[in-house]
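In what follows, structures are represented as structure tokens.
Below, subunit A partners subunit B and then partners subunit C, in two separate complexes.
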Partner chain A sequence: MTESALDRPNQWTWLSCAYAALVVLGVSYLLFDIPIQVSDSYGNLVQASGRTLGGLVYDQFHAAGFLRPFLWGHIRVVYDLSGGNYYAWFRGWHVGQVVVLTILFLILVKPRTAAGAAAAAIGLAALFGIHTFEGTILEAFPINAYMTILICCYLAAALALGRPHWWRDVAAAVLFVFAALSVESGLLIAVVLVAAYLAGARGVSRWGVAVIVLLVAGYLALRFAVLDVGTPSIGERSSGFGFSVLEPNDLEQRFGRHPSVFYLYNVGTSILSVLFSEPRAGVWGSTYDVLYRDEILIPPVTNVIASLLGTLVLVWYAWRRRTDWFARRFTRDDQLVAIFFAVTLANAAISYTYTKDVILSPAGIFYATALTVAVKALISTGTVTASRVRLAALTVFLVVLSGAWASRAIGIHIAMRATGGVVRNEWVYVDDWIEGQGLKPDAAGLALKRQLQADAISKHPMRPVVLGEWVQWFRE
Partner chain B sequence: MSSSVLLAAAVPVCLVTLAVIVFVVFELSGRTLGSEGPMRNLAEAAAMGSVSEVVRFLQAGEDPNTLVEVRPFAISSSIHRVTGLEAAVWHRSAQLIQLLDRTGAIGTGDTRRRLTCLAVDLRVEEIVEYLSPDGASWCVPGQVVAEIEARSRDQ
Partner chain C sequence: MRHAALALPALFVTVSLAVIACAELLGAHPLTMGQPRSVPEAIVMRDHAAAARLIEEGADVRAIGLVRPGILTDRPLLVTPLEAAVLVDATAMLDFLVAKGATVPNELACLAADANARTARARLGNGTCHSGDALRSVLARP
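Moving on, here comes the complex of A and B:
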């Protein structure tokens, strides 16, 4: 096939689209069943509904510690669009985001061959099954800001990897501003665009990238010099370290004088987490289980095996392409891998004060795209000249790799069903929660509470609990 | 290209997707695979800790003091005839007991004393402390559980 023929969608593309539609159908069904949650959602809705859209966004420019005006604007817009039908709109919005993310995944990995379609199937399992994705799908505030950033990241990559056009420069700048002012991880849009450019992608021009760099400088100036928003301090939240989670006081005591040690730990463990699923949020939980517990749980081991094998394929891919990379010759697939490496490093760097799985979700989604292109290359090249022994070894390797990621994909489905039950139970005790938070909702706030509570408990009642020992094979 | 390699890559993940779709289709048609089906009464919901379902049954008018049948997965194979309140003690959640108490289902008399003794038998200190802050010296160890087991046998 010629290069232009390979660029056009073909039967493998449509097959991948049909498969992705089935994957999304399963995920969406369970996702839509999770009600709007109490913590971080009810309070946010009360706050968002209490001001005009303009007033709300303006206020958020002057919040301490965080600069997320467009996240609040986003919540308010969906709130207004819902016309009081909050469950359908907010849960539907979340489902819609998953659909868009999946479409963008397919646009990026472009399955055009049998190998590409098979690799895309593993890639989709990695996209939804990787631990960094959980927080984007099991929670909502009631808009999941991290999910919004994931879509922006994939959009940025799609802009950068496309054919050059002036509108892509404009779109990239708008996308960056929206993402950066939605949640701090939005700064990674710039990393995606710069990395893609350095790897030879010209969808966004040099001037377009230069504007993005200027916008980053402008963001930093706005945040630190003009608005003085600052960053969360070391003693603001509990955080993982070693085998346990340290409380803010302990963190102050241990690292107050030398925070750089803690920062380096967070950056290092964040990179390891993306590549190997261990540690998680700075805690070496699986390692602890292996060293000190009699009983080893299956899901964390499966997670590590899946990531270890996936990372092995990525390393193989990088090694195989090293000569071209040193000569600065990059294919589209190389560009996706380059974006993954760059985003992982940058994502880890911005996690320096505080690391947790969901913060690393941008690196996680690019892990899925990089894994897809690397597996595609492995399938394509591994079978051309392979001897029978090598073919058998490759077959076994791919079965284990695919099986491990499949297992993680089951895990996220089980987690979604369980989360639906947990959230519903939280709504039963919402009054205790309101009291504990010191909130004093007005009449409108109380009406909203009653409606969301009825949505969660009566209108969309809990579905049957999935039981059985087998559940523990996939989910702790 | 070797089809075995392609299948090795695609089959495991595709099987999982197929399994999820089968699960969804079955559930939409009214049967949830891998489950015992919906909770049949307040006691089953309480025993399983499905608090939102407990509330739904209460809203539907179910009395937590009524004896009902529960399936073996809810508590155990030897306990299958309990009240919703007893099932809640078996779930070992003081928060759930408080919730039921707020509805007026527990009161201050025999029901409270009996539930306290059940909590003593099941060694749920938190519930004992909530139901009877002054202690439960009147309880005969094992008596309430034995009665409930006998009731289940006799049925």
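Moving on, here comes the complex of A and C:
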């Protein structure tokens, strides 16, 4: 096929779209079933509804530790749009975000051949099955800010990898401002755009990228010099280290004088987590199980196998393309892999004070796109190989890779189902939670509580619990 | 064709999930026991929201209910909501039931001890009974 023919959607594209629609339907079916949660959602809704949109955003510019005004604005806008139908709007919004993310995934990986379509199926399993993605669909606050950033990241990549046009520069700048002022990891939009530019993508021009760099400088100046928002300190939250989670006091005691050791640990383990699914949030849980427990659980082993094989394919791809890369010749697929490497490093770097799976979700989604293009290349290589033994070995390898990622995708579906139950149960005991938090909601807050409670318990009953020993094969 | 084989595991998962979702929407319940049919059953299925809903709809918090075989044990069980909460060591539900009007019998502490329900035992204290009697009497219900 010629280059221009490969650029146009064909039957493989539509087949991939149909398959992706089926995947999204399955995810959405369970995602819509998870009610608005009590912790991090009810309190946020009360707070968001108590001020005008302008006042809410203004206040957030002066919050300590975090600079997330647009996240609060986002919550308030959906709250107002809902007209009191909170369940449908907030849960529907979350489903809509998953739909948009999936469409952007397909736009980026562009399946145009049989190999591309097969790789896209594996890539979609990786997109939803990777551990870093869990926090973007199992939780909402009630808007999942991390999911918003994932969409912004994919949008930034789509802008950068498209045909050059002035409006892409403008869109990239607007996207960066929105993302950076929604959650701190929105800064990764700049990394996506710069990495894409360095890898030869010219959708966003040199001037557009320069503006983004200036905006990053402006953000840092605003945050640290003007607003003095700062960053969360080392002893603010418990954090994983080694085989366990250390409480803030322990962290302060062990690393208070030499925080750089802790910071390096977080950066290093974050990179390993994206590439190998171990450690998770700084904790070497699966390693501990293998070393010290008699019983080895299947799901963490499957996770590590899937990531290990996937990372091997990425390493193979990088090795195979090294000559062209050194000569600064990049294909579109190369650019996606380059973005993945850059985002992983930057994502790990911004996790220096605190690492957890969901913070690494931008690296996780680019892992899925990079894996898709690398698997496509591997399948294509297999098509031209002469040796039957090599072909058989390659096929077995790819089937195991595909099976491991499919298993992880089952795990996330089971988790979504279980989360629906957990959240509903929280609503049964919401009064205890409110008392425990020391909250004193006013009449409007109490009315909101009653409505959300009725939504979770009476109006949208939980789907029946999945029973059986087999559940443990896919989910701890 | 070989390409389809490579995507087969992911394809299998996706199609299976779609079939399960469609079946559930049509009223079937593959891979599950369906909705809980009594307050005790909801409690042992850890579906506290369903228990709360059934009570809200008028179910008696003191009434003995059936827990179908395969949910907690291989045989059917006849237990009160409080006993169900003790058997799965759900102390928050225990408090909820008491707040809804259930009265705690003396034997419940013994059942907590027999079922090795640690948090329920801590809440209910130590009963004065022979070890195993309370659990045996629950299991012996016709």
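The rule we apply is simple: the second predicted complex is superposed on the first by the 475 of 476 C-alpha atoms of A that agree within 3 Å, B and C clash if a C-alpha of one lies under 4 Å from a C-alpha of the other, contacts with A are read in each partner's own complex, and residues count from 1 in each chain.
Basically, a residue touches a chain if its C-beta (ideal position, glycine included) is under 8 Å from a C-beta of that chain, and two chains touch if they have at least 3 such contacts.
Only a predicted model underlies this, so the values are computations on that prediction, with no experimental measurement involved.
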(request) Answer with clash or fit: subunit B and subunit C placed together on subunit A by superposition. (result) clash
(request) For A:Trp405, decide between first (touching subunit B), second (touching subunit C), both and neither. (result) both
(message) Counting residues of subunit A touched by each partner, does subunit B or subunit C come out ahead?
(response) B
(request) Enumerate the residues of subunit A that count as touching subunit B in its complex and touching subunit C in the other. (result) 19, 22-23, 25-26, 29, 114-115, 117-118, 121-122, 124-125, 379, 395, 398-399, 402-403, 405-407, 409-410, 413, 421, 424-425, 427-429, 456-458, 461-468
(request) Mind listing the subunit A positions that touch subunit B in their complex? (result) 19, 22-23, 25-26, 29, 114-115, 117-119, 121-122, 124-125, 375, 379-380, 382-384, 386, 391, 394-396, 398-399, 401-403, 405-407, 409-410, 413, 421, 424-425, 427-429, 456-458, 461-468, 470-471
(request) Name, in rising order, each residue of subunit A that touches subunit C in their complex. (result) 19, 22-23, 25-26, 29, 114-115, 117-118, 121-122, 124-125, 379, 395, 398-399, 402-403, 405-407, 409-410, 413, 421, 424-425, 427-429, 432, 456-458, 461-468
(message) Residue numbers of subunit C touching subunit A in their complex, please.
(response) 2-15, 17-18, 21, 24, 29, 31-35, 45-53, 56, 70-71, 92-93, 96
(request) Could you please specify the touching residues of subunit B with respect to subunit A in the complex? (result) 1-2, 4-6, 8-21, 23-24, 27, 32, 34-39, 48-56, 59, 73, 95, 99
